[in-house]
């Protein structure tokens, strides 16, 4: 597929950032460092499409597996000796010149840039890939990966959509077993309940720290910006969790020392970016124009469930946690009605309005919005819909619309 | 109390002077040509001249339009959507829905009786539905902009342009010309296809009478008729509507100024 | 505007007439809402549960088929625009927009009015949009919604735990039907219906395999689309089973009389993808001008991969339904889809593959570029990729499509013999 | 001694090439207007006067391009895809891949050793990344498109041009101008953006040497340079590159005449 000629040429000579090299033991993240240093490093890692943390990790022969959003049983992958790494597309630094041909034009950026990274060997450090069935694009992407990277095992994980059936948990357990078997080729150990129980506890710890971070932001929005907390969360999908958990502990401790700024802004719920992520600039822009994001769907990976009790059959506990999760986003069949769900969220977050920020061509998001809108209209809650793409440098249109939205709430 | 609204648009820069938030005392326009700040200064001079004032007599300046942040001598900037909604309602208080078609974008908004934007929708990414498309057609068909409307209105069987692309639409027009479609039908087709695109936006925010058209395209009677035909309702087209955003900016500037002068700020003190 | 294709004859007609009658009768029955009408279940074509709901006395509506009927009659755009006005974006599947627009506008179709649903059955078998679409209908109508979660088909045959999972859900579905209708499940009735289905499916497979002949007596894409109605909508009834006897007889008669869909067969094609319904005739005509006939196609398999042995079986009712649902064409992993297409090309001795991509359908389309690449570079099969939409007439650019087709067929022609070949006349 | 003509009615220009004894003996290039039939006639007439031949000497006229059906006085029509392949093969017999960037579309064409099309891919979305895109952006920089070729030489920090829309790209360019960016860098950014779109098309058919660049945009040396650099391969460009379609058409006519003796 990649013609040799093209693969040889530097795909993006002019605008790719310098490739970041990290210590094999990722010491950069294990040492105590001031928050801004950590954040600066996080920013570099998140915008480097060559996965520096994964390269560092695999240098000593360990395996990492790339997981497409939005949900993968990371606990399971961890327990069989793999580092689960969140794939989040290429961001603004990856130019698409190969992937378009395979995928077609009317698709979201994350699918294209993820494939582009594969076609330009930037995913080479990964030993396997998991594509959960969150939408038709992610599902089909697995089939393309299987062809273009025939040596690397890939798995299309069928995440169930019938949350009421008595048979769903059993089926999901069989899916997980199949996934684990499939990844043996990626260097995984066979599945065993003991290690899974331990891994579940590690991820319990990670989730609780991230929940704490969110709680702090809600209580003192000025203490940590949306982009900062987002970066810390992104790191959580890129670093070994054994490193991320103590890092978050240090951050939380330092945060308490930060002064609390207060500012005049409107409170909004941010709905839609559950899969492809908006750029850091766009996230910053939300705050710049005067929005305080009090509830968001960014990186839902950490929010599927709270604590899982691994005593008993841990694999079943893991499957059950997914099936019984209260998460209601575009890629899960709605447990109740979409309209009701959005109103509940607005109320719970005490938001003044909703910003729908959806990836261009992301059909699941686009379809939900209509139902959400109807409910918001009924209750006269203002909302704004913006679409984003990975590779955009100019946010003039977005700024214009965001400002109008803020002005329409602020001015009488 | 003189406030100024300055709309630094992509195609042209428009300005108005408003007296006591009620009376428009001057309007002016200059092409932007990529130099928003210069155009803004020119417009300010033109305004001052028309109103017989010194630029220093302007007590408050509010900018809007794409280059609203670029103009240094401003007190406030507001988005052009906020501004044109205000302007439209200032011009015609009964207006509840505003369509703004400028050179590069078109927007539809529903507004409250004070001119506050309730909902809005704009075209993004694709320029096919905006004035630049008309400009290109005019250039291509060698009909001056001002003469397009009278010619188009003579159309009996308008030929709608189906291409979604402003650039590719030109080729479609070539084909129409080659197929001997009469000029008025082609011209009216251009306006109707613009109206249809706007109509999609309008329906998306919900249409409520009175509907006003503002922005550069309102100068064209054919555009107004095309929109009326597409929407099936009368369209308010005020002669000042090309300046709606500038007017809205001046209006918002005025209310801001009033708020400020109620407080004992240095600005208010100076006024006394 | 008249499309050049409009004047073209449909070819031999008796089966077409019967099909037309079946369509009319079906819509007339639906529209007949005067007295106490039958309850109506909305269902999706891929992996549908027609027989089960019919055995409980439901009539079935397939919004996808209603949508394509609207499009082919050039009536989809107003519905689509109405849906867009409600906020459905440009990139949302045209079927969804047609249906939801049409529902808001009162259910009017070119054939009659569609009654609102009493039950929504979402077989999640091949397309994620199904889930979203049925959620919207459930929100609008507030009627019961059953989601049948059908695992994606990743192996040649479904695995036992997958079948168990689907069968367990089918039993839960039957329990739901018993509760909502107050009737008890009649296994005998289901078996009888499955026997009708089986007969229809076998007839349909026979029809489609006629494309193996040279010249082909059938048009496996454009014509087959007309003959899909009974197999998808009326499955489980005797009328559907009998219809394919008529089709059979007709194909035999054609062969005897030497009447072929394309009088002079020059190019044999496998066609992949959903048709551009709003410009169906124009599109078909582009092929006919080049003497191109589709001898096999994947689209007629969206209702089920019967030709690959996934037939309903009255003796294994629920298991065979489960297998059938899993094997729906778009529920096949790309690896399986690729291999299927290549096998059609080989078995039906096709000269080339034509892929029609749908701008607003990701399920079918995402990855068709890779398929094209695979067919050309790994299978050595000339392949043409075209793109428009299945519902939205605004996306069909005739000049562009014709240009690509002309270039493709020109090059096929020249590749077969580099010397004298007729030039295309204006 | 057979004189044949190819008339290529494109979206932007009408081209005619006259061929005799394997040589291009006359040509013409005009913008297209609204009356394509007349443009076609004029293209032939001008090429004839360029070559000093008479209309009656021409044995066959073949039309190609979007307006090929408007070459009403011609005998044959062929799509421009076939013609660019054939024309490129004629000029550079080892050609395996043709990239044609014209006024309104971009095509990547794979050909076999005889110049027969094996596969092709075209841009489908919109006018972005075509000659028109350059015309418009050149205008925004205050140049004519024929002048901008050499200007990107020595660009240091090419800007990012991300707008996929020709119309918005124009304003993106204007905003770079307003921000005082060096026109060199802006042009380099534009070329980079068009080339990366073209690479994506080339990728669809598969890249193999030799690559021949045709169509009006191949006259822009900045584009040629950028393409060479990004492909990492030599790229053939003929001084006749804008006429490749017309040349191919003429050759088709010749072949046809030879196959079916009159």
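A few points about this structure:
As written, the chain order gives the labels A, B, C and D, with residue 1 at the start of each chain.
The definition used in the following text is that a contact is a pair of C-beta atoms (placed from the backbone, for glycine too) under 8 Å apart; a residue touches a chain by one contact, two chains touch by 3 or more.
All figures in this text were calculated on a predicted structure; none of them were measured in a lab.
In summary, the chains found to touch both chain A and chain C are B, D.
When the interfaces A-B and C-D are ranked by C-beta pairs in contact, the top one is C-D. When each chain is reduced to the average of its Cα atoms, D sits farthest from chain A. Centres computed as Cα averages put chain B at a distance of 39 Å from chain D.
Averaged Cα coordinates give chain A a centre that lies 44 Å from the centre of chain D. Multi-chain contact residues, meaning those touching two or more other chains, occur in chain A at positions 100-101, 105. Those residues of chain C in touch with two or more other chains are numbered 86-87, 369, 373, 377, 387. Chain contacts: chain B has residues 164 touching two or more partner chains. Chain contacts here are complete: no pair of chains fails to touch.
For chain D in complex with chain A, the residues that touch the partner chain are 121, 124-125, 158, 160, 162-163, 172, 175, 192, 196-197, 199-204, 206-209, 230-233. Within the complex formed with chain C, the chain B residues making contact are 162-164, 200, 203-204.
Those residues of chain A that touch chain C in the shared complex are 1, 100-107, 111, 133-137, 139-144, 146-148, 156, 158, 160-162, 164-168, 170-171, 174-175, 330-331, 333-334, 337-339, 360-361, 363-364, 366-371, 373-374, 385. On chain B, the positions that touch chain A within their shared complex are 66, 78-82, 114, 116-120, 122, 124, 252. The residues of chain D lying in touch with chain C in their complex are 62, 66, 68-69, 72, 75-82, 85, 112, 114, 116-122, 124, 204, 206, 252, 255-256, 259-260.
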